[in-house]
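Heads up, there are several structures right after this.
Consider the two complexes below, in which chain A is the common component and chain B and chain C are the respective partners.
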Partner chain A sequence: MRATWVIFKREFGAYFNSTIAYVFAIVFFLTVGGVYVLFMFREGKADMRLFFELLPWFFIWLVSGVSMRLWAEEKKVGTQEVLLTLPVTSLQAVMGKYLGALAFMLLCLALTFPFPLSLYLLGTPDWGPIIGGYLAAVLVLAMFLAIGAFFSSVTQNQIVAFILTALVLALLSLAGIPPVYSNIMAIQREVGEFVRWVAVTYHFGNIARGIVDSRDVIYALSLAAFFLYLNVAMVEGRR
Partner chain B sequence: MTMIEERGSRRMLLLTAGLLLTGILVVANVLASRFFLREDITAEKRYSLSEPAVRILKRLKDKVVVKYYVSNTESPALQQLKRETIDRLIEFQMASDGNFEFEVIDPEPDPDLQKTLKDRDIVPVTWPLPTKSGVEFANGYSAMTVNYLDKKVDPIQPYMDLSRLEYDLLRRVLAVTQDEKPVVAMYAPRPDIPPHMMNPMMMPQDEFAGLPDAFKENFDVRRIDLKEGSSIPKETKCLLILKPKELKPRQRYEVTKYIAEGGNAILCLPRYSIGSRMFFGPLAEEIKTGLEEDLESWGVRIDPEVVCDASYRRSAVAFMSAGKVQIAQPPTAIMVSGSNLNQDSFITMRMSDVPLPWSAPIRIDEAKAKAAGLTITPLARSHAATWLLHLPLEADGLRKIPSKKEELKPQQILACYIEDKFPFAFNDKPAPKWEKDKDSHSPDEDKDKEKDKDKKDDVEGPPTKIQSKEGRVVLFSTADHLNLTNLQVDRLGIFGSPYERAMYMVYNALEGFTLGDDLIKIRAKHYEERALKPLEPNEEIIWQAVLVGAVPLAVAAFGLIRWLIRRQARVLYEKRFAGGGTGRLAGTEPAKGGGQA
Partner chain C sequence: MAEAMVTVENLRKTFGNVVAVDSISFKVHRGEILGLLGPNGAGKTTTMRILTCYIAPDSGTAKVAGADITDDPLEVKRHIGYLPENAPVYTEMSVKEYLRFMADVRGCKGSARKERIEWVVEHCGLQPKYLATIGTLSKGYRQRVGLAQAMIHDPDLLILDEPTSGLDPRQIIEIRDLIREIGKTKTVFLSTHIMQEVEAICSRSVIIHKGKLVADGKPDELRTAAAGASRVVARIKAPPEELRGELGRLQGAGEVSVEAAEGAAAGGAVWCDCRISFQKGMDPEEGGERIFALVRDRGWSLRRLQFERISMEDVFLQLTREGAA
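Showing the complex of A and B:
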């Protein structure tokens, strides 16, 4: 536990010294802010439903950018060997890095607080769906980051890790778009249904509306656990 | 153990753990799809069963089976609806203590079932199907039937709106589980046929003759004559009074007693009669209903004036002329729409527009109503551009559309809902005697009766003593919205189906009155529209700039400051170690013997 905490602190602190992390975060804030005001003033409604529905798409950018350096950089610089010779297990190392990155991204998510604040000042929002939306966002981040961490561990090239993560996350998001799964359904119903089930958008539409469903939570945690396991397996394989 | 063996055993352990984890995750997801928890965290519990719905479900004594016929089409809209509907049906099931069951059936593979469904008017409807090239449409079933013993009730067909499911389903559940259809007593005077009328084409029509048939699916509508031997049946759940003309004292006694004893009534009380000669001669003349005194005591008055408004171009009225249905769009063809329909009432909620032609203005005396202990809620108001015409009305009067704003009397109340304990004018008085049939006596007898009007023997029995109970009345200042001739206009399809919606409005009231308070509460369930307050254009720009730019700027500034601090620290570090000095902060004296980096 102590080893995980030490790695967590080191990883979390490293983001504040990384120019790349700032660039990704600033682009993320500019994009979500632009989209939010566009919909907020066009719809004239005191809710964030559209914002939360689009959020997984913005997370593709942020998560890919933040997670690409998790393991790839260590490998490239050669510090992974140093890390693995320390008295830490692969699971502790993976969890420390994962939680450090997750904390940084949760901080980014928390910095979208001006959006609900503006709704509070300009209307009377229903806080249920907003809290649900943030809960969904945390689950999506946890899931996406586990995927990103895994792809970062398979290569020592950060760009390759970025592209692989972005590609897989985009596929997970695209799978929930009706023409995608319905066309697959037309060919093979079961496959189409599985594709739709795997899709992030299929699971998180409900939470963003204000319905917390145990099925959606279990889906996100399962996927996160599975990719974290793969990540541990990759690191362990190098010992 | 050698290093290679140790590595091998670690890998084996990892593989086993991986397989175990995958298995656990698959099982967890499969189990979660069957046994799941769902928490609605919206403020108004928008996606949950309401308390009245749960009460209705808990009261079920026998098993009700709902069959949800839904296709497995690729349409995302239908699939989303299917998923959410099944979730909701599970909630119904859980709340019912085992007396509500449902089946999900795809009729597509079964032609016999499709034929059976078609006999019940259940057919596939079109659903949007997004494709690479745009949006196409696919046919798919989405309907529900409520099955209880061998009883039948109209299916929900097509079923497309989840937000209405609770009401639509429970209405049917209540209707089907009732022992008998609720009795609705309908009083609508039959037209007087002038003596020696030879031409059947010219005979006055019984405008409301078809109403019992229109409601017979769910109600036992009994037409009464409000005379001795044909008064209000004891089992009446709702009294429907249409276009009464000068009710006799005993008729008035019966009607008001029924209401004061906690009855429900729909009163359609026009204050003027409309001639059939639309554009020649006097068109509308004042009439009295005989209930004016009672309305006054409730705190309402219907003025004998004709309401005209600017909405008439979207509606029409039908009238009989020389045996033919004529259609016209006089400014009396009022179409109440939008916020002029009370969206909080179970009678008018979710209705887009309703025609209330030939209405008169209803005046509400709040103080009087309050003193009587009644609550009056307006249901429908006329357009902002409303003007009133005085009686008697000549046909050409309808052509005078005001050009000055001062002549407008905006938003006249055309219908209202009155509830609570109604006063009864005949309390502590004996009941008036029934009038004898017109046919059974001569006009001379009528004259004699007029003379004897004040005699004591006009009353019968001991003084009436009733304890007022909570009753409910829907009051319309017209009956023309239920004139079945107008429904023929709907069938011509010129103006859509506004008169069908008027029937639906009355149906809502009947249903609310007869199926219980819980259903009314479900019907009245509504959600607050949470809109942003309007902003000036420059305020909007400021908000946009703050929301888009504030956080990125703050993050950039934080990053820059942090970079500067780190840079300074690095310079100091390099000064200290690369130059062999002890290092110093800017502005401080260099240490003796210290060198420059």
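Showing the complex of A and C:
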């Protein structure tokens, strides 16, 4: 526990010394903010439904950009050898680094708090869907990041890690678009249903309406756990 | 000999078709500085990575301070301070942050942490760069940061992979002095492909070549083992024929060659360059003493008396050549 906490602190701190992380955080904030201002205010409704529906698409870039260095950089520079010869287990190292990156991304998400605040100042928003939306956003970040951390551990090239992560996250998001899974369903029903189940947008759409279903929570957490397990296996696999 | 800090038994590791480490066994005794010597690609780094539990062996075992590398890697890691090749460090951190991080992971707390950090900073000469970002430091300073990190928890065993590679001559001397200093109280296991390094700092060395152990002993022992005879070179003014005969009769003398430097008149004394090999295992200085005694007794003149020291380089080349055959 202590080792995980120490590694968490270092990892979290490293993002504040990383130019690339700042760039991705700022670009995320600017694009998400720009879209929010353009669409929300034009619709004139005091809710954030569209915002939460679009969020996974922004997360693809944010997560890929922030997670690519997680293990690839350690491998490239060789610090992984120092880290893993310390008296820590692979699981502690993986979790410490993962949680450190997650904390940084939650901070990026917190940058969007002015949006609901502005709704509160300008109208009377329904808080249920907004709180539900943020809860969902945290789950999606946790799941996306586990995927990003895993792909960062398969290569020492950060660009490769970025592309692989973005590709997989994009596929996971695209799979939930009706024409995609319904066409597959028409050919083979079970496959189509699986494609829809695995899609982040399918589960996330529910939550953005303010419905927090335990099945969606289990979906996100089990995928996160699965990829973290693969991450540990990759780190152990060096041996 | 003191008890063993590290015991390696029949360690073997392959990468695909390449046998990186081929059934090697050796011991590192408590309190010694053991050099692991071998050409690039001999399996030095692989051996060290196995001992530090970074990679697992295919077969064989190793124990560090009584703990088994396979059964209890965490305990093994607690006893070791490790400096990997090229001293990888988190470049975005300052020296202070980095050392604190390392101390924290190792579980040094409160005043103990403060004391240990002060100790390594002082002993590794890091005071001037304590607040600097590691990325801005020179190779020499980074190496010191790597050493400081390895010693932060006052480990029983220091494992240093090529601690002086990539440094300039001055830095090399500084790091060697530091290692010698540490070696007074700690057990050090270091690797190098530089023969002089072993002579300069190690109390014993193990030579590996193509994954196999080819020699194990003190540098002097290895030298004698590999060298065969030791040789003395002298310039003596004497009648060449007589000189050749007398030198040949010296106790322990083997092969003798005498070359007259100038045209010698029959029976006249001229300057001669002589090479005398002495028997295996004999101290060449004793041979020198006998040569001098001979010159003094006969009233000859002596201008030069030199010992041809067989360098570790020769030892190394000879052993690795044999290993390859």
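As a working rule, the second predicted complex is superposed on the first by the 238 of 239 C-alpha atoms of A that agree within 3 Å, B and C clash if a C-alpha of one lies under 4 Å from a C-alpha of the other, contacts with A are read in each partner's own complex, and residues count from 1 in each chain.
Methods note: a contact is a pair of C-beta atoms (placed from the backbone, for glycine too) under 8 Å apart; a residue touches a chain by one contact, two chains touch by 3 or more.
Everything quoted here is computed from the prediction, not taken from an experiment.
Of the two partners chain B and chain C, it is B that touches the larger number of chain A residues. Using the contact criterion defined above for the overlaid structures, shared-chain residue A:Val191 touches neither chain B nor chain C, since it reaches no partner.
Contacts of A:Met40 after superposition on the shared chain: chain B is touched, whereas chain C is not. Of the two partner chains, chain C is the only one that A:Ala14 touches; chain B does not reach it.
Of the two partner chains, chain C is the only one touched by A:Thr85; chain B is not. Applying the stated contact rule after C-alpha superposition, one finds that A:Arg2 touches chain C and leaves chain B untouched.
Applying the stated contact rule after C-alpha superposition, one finds that A:Leu171 touches neither chain B nor chain C. Once the two complexes are overlaid on the shared chain, A:Ser118 sits against chain B while remaining clear of chain C. By the touch criterion stated above, A:Ile159 is placed in contact with neither chain B nor chain C. Once the two complexes are laid over each other on the shared chain, residue contacts for A:Arg239 go to chain B and to chain C alike.
Taken together, the two complexes place residues 17, 239 of chain A in contact with chain B and also with chain C.
Interface residues of chain A, counted against chain B in their complex, comprise 16-17, 19, 22, 25-26, 29-30, 33-34, 36-37, 40-41, 44-47, 111-112, 114-115, 118-119, 122-129, 131-132, 178-179, 181-183, 185-186, 189, 192, 196, 209-215, 218-219, 222, 225-226, 229, 232-233, 236-237, 239. In the complex of the two chains, the chain A residues touching chain C come out as 2-3, 6-7, 9-10, 13-14, 17-18, 77-79, 81-82, 84-89, 238-239.
Within the complex, the chain C residues that touch chain A are 49, 52-56, 74-75, 77-78, 80, 82, 84-86, 88-93, 97, 101-102, 104-107, 149. Chain B contributes residues 7, 10-11, 14, 17-18, 21-22, 25, 28-29, 32-33, 36-44, 46-47, 72, 74-76, 79, 87, 129-132, 528, 530-533, 535, 540, 543-544, 546-552, 555-556, 559, 562-563, 566 to its touches with chain A in the complex.
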